[in-house]
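My questions will all concern the structure given below.
Chain IDs A, B and C follow the sequence of writing; residue 1 opens each chain.
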Amino acid sequence: MDYRKGSIGRVFSVRIDHGEDVLEGLSVLAIMEDIKSAFFIMLGAMGSADLVTGPKDKVVPPDIVWSKFDDVREIIGAGNIFWENGAPKIHLHGAAGSSKGITMGCIRKAAQAFMVVEIFIVEMDIAAKRVYDEKIGFSPMTFE
Amino acid sequence: MDYRKGSIGRVFSVRIDHGEDVLEGLSVLAIMEDIKSAFFIMLGAMGSADLVTGPKDKVVPPDIVWSKFDDVREIIGAGNIFWENGAPKIHLHGAAGSSKGITMGCIRKAAQAFMVVEIFIVEMDIAAKRVYDEKIGFSPMTFE
Amino acid sequence: MDYRKGSIGRVFSVRIDHGEDVLEGLSVLAIMEDIKSAFFIMLGAMGSADLVTGPKDKVVPPDIVWSKFDDVREIIGAGNIFWENGAPKIHLHGAAGSSKGITMGCIRKAAQAFMVVEIFIVEMDIAAKRVYDEKIGFSPMTFE
């Protein structure tokens, strides 16, 4: 375990409109507003997304399983914004369900807003970056 | 995409007790405390809820699907509070599961607390209202 | 319904590393940093967890159903930290899914981080404790 404590900075209310890419929207916002350290919650609907639904087996580094949906799903999400190699990296976990079923995982690509997605970002003054760790095959939040 | 930035105001810890209506409780609180712009997280259990589990087809405005449960479900939720036509509007997405199954969607009616529901509301100084948009058939958070 | 209003205090970014116990990590942190009143969001993966997936029947106090997983699951969680009988009590609800399925509930034991779990804790100046209520068979957040 590692942690840092700090204070809350700015807060952002964000509306991603129908057909827009949710992850791209968050990345653009992070650059425009220079958001370097933040967490967020998300609710809305998505018309598609590519997500990682865990590893094939219980080993690290994992051989990850990709999943996707392109029907419409209601979404609840939690995520954070830190930077890796000079660019914002959006880490977003979400559950995505409809009357046809439910899936959840790490939403990484092609996350298209359906109707609307509403996001609330809380900025922190805690310096951290994403730094690749080859042992776990992922870039965890790493404090400076 | 549209967004506004601001600061955090008051925070509320709320306990909804067994048998009480969760959405009505939040609406009453929003009126009593004049909460005009806020997001929240929720955890607890519900004995019933009516929820929207996506559209029938991938078109806007959507023909929405209503679902319900009246057995008991564990809940995780994320939501927000803005006003529409002079009254608070609670937008709540949640996943609701038990040993019998799991559903998720936009919880809109008849959300009755079972044992207890705990809610943490973060108020923002970001002026926004819900304004109906007939193209998407919904009232998204709209900034002033 | 009961509630209190207040202000936000410190914020904590926490990384629980591969193989560590998530609930124990949060309890240790609450003691070290004297966190008495807080809520949090969580994302990451877990290699195992014991969770309560609702009551057997719709009665209070409930006869609860225990469930568990020990394959790896992607996690989204929301929780809070209050104290009960002089020790921190972590109340955590989460959805846990992979390509093999999805479950959700109140994560109470044996929650082992897989790769990494990232947590964002928001402290409040709202005095509350967990006090056992035999009518509902649970210790809800109770204001002082």
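Note that a residue touches a chain if its C-beta (ideal position, glycine included) is under 8 Å from a C-beta of that chain, and two chains touch if they have at least 3 such contacts.
Worth saying up front: this structure is predicted, and the values here are computed from it rather than measured.
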Interface composition of copies chain A and chain B: same or different, split at half: different
Cα superposition of chain B on its sequence copy chain C - rotation in ° rounded to nearest 5: 120
Separation of chain A from chain B, taking each centre as the mean of its C-alpha atoms, in whole Å: 21
Contacts with 2+ other chains: residues of chain B: 8, 41, 76-78, 95, 102, 122
Residues on chain B engaged by chain A in the complex (per definition of touch): 1-8, 37, 39, 41, 52-55, 58, 60, 62, 65, 67, 76-80, 91-95, 102-106, 122, 124, 126, 128, 135-138, 140-143
In the complex, chain C residues that touch chain A: 8, 10-18, 20, 25, 28-29, 33, 41-45, 47, 71-78, 95-100, 102, 114-116, 118, 120, 122
